[in-house]
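Listed below are the structures to be examined.
In the two assemblies presented below, subunit A is common to both, partnered first by subunit B and then by subunit C.
So, the complex of A and B:
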């Protein structure tokens, strides 16, 4: 694997952060959804990130994996619903209110979702930085051949 | 963006009279460079398609297009440097006293 192969790894990282961002945005946007299309309550979504083969063993093994360009890349294996207790809001006039006048709202934790957003932002920036450094190093290496 | 005009030169190179006198390995440095040239051309066309898809709103993620563009730019830069070196060597040889 040459330096260009590092781009693919950064790209995979950015894709994962993008999925996490979309999920967090969906959770925030659906914080007041009382019913989904199939009539059930919206459950907050969570991204499950897995990684391809992680090289273990001696340094030589890890180096061989690096040379083959198969360093572990993260990927989104699934987006799962996190069963959360609904937030009950008293609103008797609401069409989705129960017999006692309570409406079930999704148990989206806005505060922790905002924390997720910050972590997504930092994670994406970290991948961008890795990309930037790789690009800088490649450019410097090419500049080695420039005329005196 | 097409650089096939340079690739077309390779057919003319094969009938080089010097190569008939000496036995050369099949994959010499120059034909290797031409291979690289055609692979760069393919990548440039792919990037062009990516950018077009981005403009049409058919792209799933922006970063892959940007990374592909940067990668193509740097590979072009690398090939340009190799070309400059080859040209330098050629000119250096032409200046040689006989």
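So, the complex of A and C:
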């Protein structure tokens, strides 16, 4: 069993959490962006996370895959725009206001984005802890028999 | 002497399984954000049962001739709970350190024998 390969798994996990963090931050930061560079309303972004080598098939197949030492690792498959109904705010003086004086604001759900941030934080922490323990175990192995 | 070699061999295998557990728990934590991911588990109970049977004094099996298969990694069909994975990982890390300690003691015994009891 190669413990060094475990670093890659934890790194993949941390990198996925970072993408989720960046996306949540972008959604929060753009919560009042009425026009993006192409002139359209900002749409909330969502990270699509997939896992490589997800074991499928019969029990024997799954076991064979797992024995090959290929543990699944996550990756960001895409970051997609989620078409969301805009939030209408009455602001007649705003340059982007419609005929009735309503401005379309991005439909960013601030509350659920904040919840996502908590989940990201916990996920990142757990990955970091896994990384740290792996490092510690490798160090213990290297130090084996050094006390003589 | 064959006993000490057997012990070293056992410790090596146990360390190997413990390292695999660390890898599997890390993978579970890393994939926690993936929708539909099922947590994985190291299945080593069957192997341990056959081993325990060989060490049973009532059986005639020779512990030095027990064949051990590689442990298998199987999905449990449940979602990942981060706190449980971290706790399991901490426990496994302690087990790994205990095994490393046992390994060191075994090798210091061997060293003692090589030096004919002189430190």
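Some observations on this one:
Assume the second predicted complex is superposed on the first by the 131 of 148 C-alpha atoms of A that agree within 3 Å, B and C clash if a C-alpha of one lies under 4 Å from a C-alpha of the other, contacts with A are read in each partner's own complex, and residues count from 1 in each chain.
Here is the rule we go by: contacts are C-beta pairs under 8 Å (C-beta built on N, C-alpha and C of every residue); 3 or more make two chains touch, one makes a residue touch a chain.
Keep in mind it's a predicted model, so treat the numbers as computed, not measured.
When both complexes are superposed on subunit A, subunit B and subunit C fit side by side without a clash.
In the overlay built on the shared chain, the residue A:135 is in contact with subunit B alone; subunit C does not reach it. Of the two partner chains placed by the overlay, only subunit B lies in contact with A:18; subunit C stays clear of it.
When the shared chain is aligned, subunit C comes close enough to touch A:74, but subunit B does not.
Of the two partner chains, neither subunit B nor subunit C is touched by A:87.
Rounded to the nearest 10, the angle made at the CA centre of subunit A by the CA centres of subunit B and subunit C in the overlaid structures is 50 degrees. Contacts of A:4 after superposition: subunit B is touched, whereas subunit C is not reached. For subunit A, the partner touching the most residues, choosing from subunit B and subunit C, is C.
Of all Cα pairs linking subunit B with subunit C in the superposition, the shortest spans 11 Å. Subunit A uses residues 10, 14, 131, 145, 147 to touch subunit B in one structure and subunit C in the other. Of all residues in subunit C, only 15-17, 19-20, 22-27, 29-37, 40, 70, 72-75, 82, 85-86, 89-90, 93, 96-97, 100, 103-104, 107-108, 111 touch subunit A in the complex they form.
Subunit A meets subunit B in the complex at residues 4, 7, 10-11, 14-15, 18, 131, 135, 138-139, 142, 145-147.
Residues of subunit B that touch subunit A in their complex: 61, 63-64, 67, 70-71, 74-75, 77-78, 81-82, 84-85, 88.
Subunit A meets subunit C in the complex at residues 1, 3, 5-6, 9-10, 12-14, 16-17, 20, 49-51, 54-55, 59, 62-63, 66-67, 71-74, 119, 122-123, 126-127, 129-131, 133-134, 136-137, 140-141, 144-145, 147-148.
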